[in-house]
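Chain lettering (A, B and C) follows the sequence in which the chains are written, and residue indices restart at 1 in each chain.
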Amino acid sequence: MLSLGAIDMIRRKQKSLSAITQRLEVSLSRRAKISSSVARYWLVFVLLFLWAPMLVACQTASERQELTIAAAASLNTTFSEIGDAFTKESGIPVTFSFAATGTLSEQIRNGAPFDIFAAADTAHITNLFVEGYIIPESRAVFAHGLVSLVIAPDSGLQLKSLNDLKNIAVERFTIANPKIAPYGAAAQTIVENAGLWTQIEEHLVFGESVRQSLQYIDSGEIPAGIIPNSLLLDSPLIIIPIDSALYDPVEHGIGIIADSHHTAEAEQFLNFLFSPQGQAILANHGLIPVADP
Amino acid sequence: MTLPLLLSLRVAALSALIAAIFGIALAFLLANKQGVLWHLLDGLIHLPMVLPPTVLGYYLLIALSQRSPLGAWLSNLGIHLTFTWQGAVVAASVVALPLVTQSARAAIESIPADLLHVASTLGRAPFAIFLTITLPLAWRGVLAGVVMAFARALGEFGATLMIAGNIPGRTQTLPIAIYDAVQAGEAARANQLSLLLTGAAIVLLVSIRLLTNRIASRPQRS
Amino acid sequence: MINTPHKLAVTIDLMIENFHLQANFQAQDEIIAIFGPSGAGKSTILRAIAGLVTPQQGIIRLGEQTLFNAQQKINLPPQKRNLGYVPQNYALFPHLSVAENIAYGVPRHPRHANRQRTRELLELMQLTAFANRRPDELSGGQQQRVALARALAPQPAILLMDEPLAALEDSLRQKLRAELRAIPQRFHVPVLLVTHSLSEANSLASQLVILDQGQMCQAGPKDEIMQRPITPAAARIVGMSNILPIHAVRENFLQWGEYRLTVSPAPQQEQAHAALVVGIRPEAIRLLNADPARTNSFPVQLLDDEDFGHEHRLTVRIPQQQPDLEIRIPAPELTRLGLRPGDKGYIQIDPASIHIFP
């Protein structure tokens, strides 16, 4: 909410504004009688909009030096914590924009002002690099991710493993949209390799990102789905591991955006990510670090 | 929580201002001009009311992205309209424009033609008449349209998400912050933000109703 | 008197939807009235002169200035025509005060001149006390004075008024007729007005333009048109309601069915053909109790009596003769005669009042 100081400032500005307009109106009506009635109508319009530029002035402070990081939705909690730790250490504020890897990569192509892109695969990073949107030497893999079968506790589903889906019918089952979310693609591979695709396909609900799929299960809307482990820290849901033979762990690639004006800070962030402290946070959130902490 | 609210207010106020300027001008032209091209323009302005926001956002993204000639030209001038709050203003303005145009046009067309005829025989040019007669007499309708545009801009989501993205502190308006909070499972934040937006919407709707009621109850002169 | 009122010359041909309007007249007088039944296109002529509608063909000139010429593609916008326009409902600007309404058409610079002119008109129209009122706080007569003052403020070359008295109560009309008649001399401006009321046209104007169903019938001095309309249609519009077919003419005798009408002066040689039509104004026929034994007196039976208060309109029939005749007679005279529908009486027609259509 607005701080008291800000409210006071706005009040003072409004006071001086109304004083100005009053004077304006007086001088207008003195000048010519005809203007006065018409001028009054116009003042309403002018007054109505005087505060808009004021808001612009108020807000410029938020566009200061900082890192803006586009991160795959599966990294939501993980990177929030890494960001906090990084800001604490370096003093550089970090802002995250979380969405499906495919969505973010399209935004980067359209000129989104990100400094770093942390994806949930390497293919999107590679494509962007080929198209010139990523600084080549900044590309790296910073972690691997696994997924689990997740069940809403109040759904009453009695699943012990993925294979039980062969016998127990689920009304609806959620994975992230495989076209834009690498974890969704991984989930699809798992279901296919487990020989469940034909059975589950018609019950599938695609989340726009893994965050949305998780939200569906969290809210009890959908009883079960496949969710990355990195989103399941402290989760109250029933979590059933998935046989690692069914899929390859998801490779998390990262890169610095070519248009970034903060490449030095971005490198600093990458260094932090690969530092023991950074890798430890990744591990805490259920990711497999690339370097042993 | 303050940041998305302030950003939303800023975007909505500027969008309403832009929509007001263009909307009033268009309403004036549409109320006065005849012909196929004007009908076409009329339809074009109202497209955002029927098109899904995603289509609108997609068009804007194509038109304004740095890969398009227009976007590249603007970018050369130092104007970046994709994934900036200014982009959100563009999206909200386009969505809000038909609301101003429609309301202003209805108000303008309800002014008796005789008043404007007399004004023109009194030696005033059409634009002067517009400023001194038309707008002052139509101001309630115009204002209702502008407030409606403000409300619509405040709630704009789909097209904004596509053209401005979801960058906290920069392009994360109130509706997008709500979407983000829901996706991240932050129920408390989602609740707070939603209540805030609902409150603002109610205040705006009531003021529109007051404005339009006064129009309806204003005594008619024969 | 106005030294030289601007001559107004109008030739227009105009189609609006399915309505075809044609008019061609010249006028140069203090008050000119366009007169005709409702829907005749009177207001449209006014609006065409003001530049608010554009005719397809024609020329409109005011004094030396061409306002409109279709062939030369001249079409001055209303704001350049220098004329005052007072529509039927006055169209006062509801959001402006009386003073602001009047000042609207006065050039704003220099400011003292603007204020001076506004004050002047407020005084002339006795509106000074209402200068700061809004139009909806005024009576009908006050509203009309504001509309007049506003139209006169820019000193127009002509004042156009659409049904100036139609929106007013009867009691006010008489007073305002006198005020309207005085306008040309008080403000040095000719007036072209539109009315559907014959008595209004008669009492206000010295020149008339007669319009019927979009077609102009006749234009000219009032007395000329009232006494000598050129067609039966124009005659009916100006109240010459008795139109009689004549079968034969000999010298100054007209054969009307069984009866013979004496006319003076005698018809011209070229008028003396078989299919002649004459018109007689209803007030030109005298009603009598007894046979006056004079020219053009006939026995009649009273068929119908329509009471207008101050006068009566009677329908009478001459035995074995068609059509029935219409008579207008002052109320006291009818009372004196004591005739009622069904009674028999006599009429007498002044030979000079029989109008032979050309």
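Everything below uses one rule, namely that a residue touches a chain if its C-beta (ideal position, glycine included) is under 8 Å from a C-beta of that chain, and two chains touch if they have at least 3 such contacts.
Just so it is clear, the structure is predicted and the values come from calculations on it, not from any experiment.
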Practice task
Grab the C-alpha centre of each chain and report whichever is closest to the global C-alpha centre.
Solution key: B
Exercise for the section: Could you work out which chain's C-alpha centre is the most distant one from the centre of chain C? Expected result: A
Handout entry: Distance from chain B to chain A - Cα centre to Cα centre, in angstrom
Key = 28
Fill in the blank from the handout: Whole-angstrom distance, CA centroid of chain A to CA centroid of chain C, is 81
Problem - Centre-of-Cα separation between chain C and chain B, whole angstrom - result: 53
Problem - Residues of chain A engaged with two or more neighbouring chains - result: 34, 37-38, 41
Problem - Touching two or more other chains - residue numbers and ranges from chain B - result: 132, 136
Problem - Multi-chain contact residues (two or more partners), chain C - result: 95, 104
Fill in the blank from the handout: Seen from chain B, its contact residues with chain A in the complex are 1-3, 5-7, 9-10, 13-14, 16-17, 20, 61, 65-67, 71, 75, 80, 82-84, 131-132, 135-136, 139, 143, 146, 165-170, 180, 182-185
Problem - Complex contact set, residues of chain A against chain B - result: 1-3, 34, 37-38, 41-42, 44-45, 48-49, 51-52, 55-56, 58-59, 62-63, 66, 68, 73, 76, 95-99, 107, 109-114, 208-209, 211-212, 214-215, 218
Problem - In the complex, chain C residues that touch chain B - result: 47, 50-52, 77-87, 89, 91, 93-95, 104-105, 107, 135-136, 150-151, 153-154
Practice task
Could you pull out which chain B residues touch chain C in their complex?
Solution key: 112, 114-115, 117-125, 132-133, 136-137, 219, 221-222
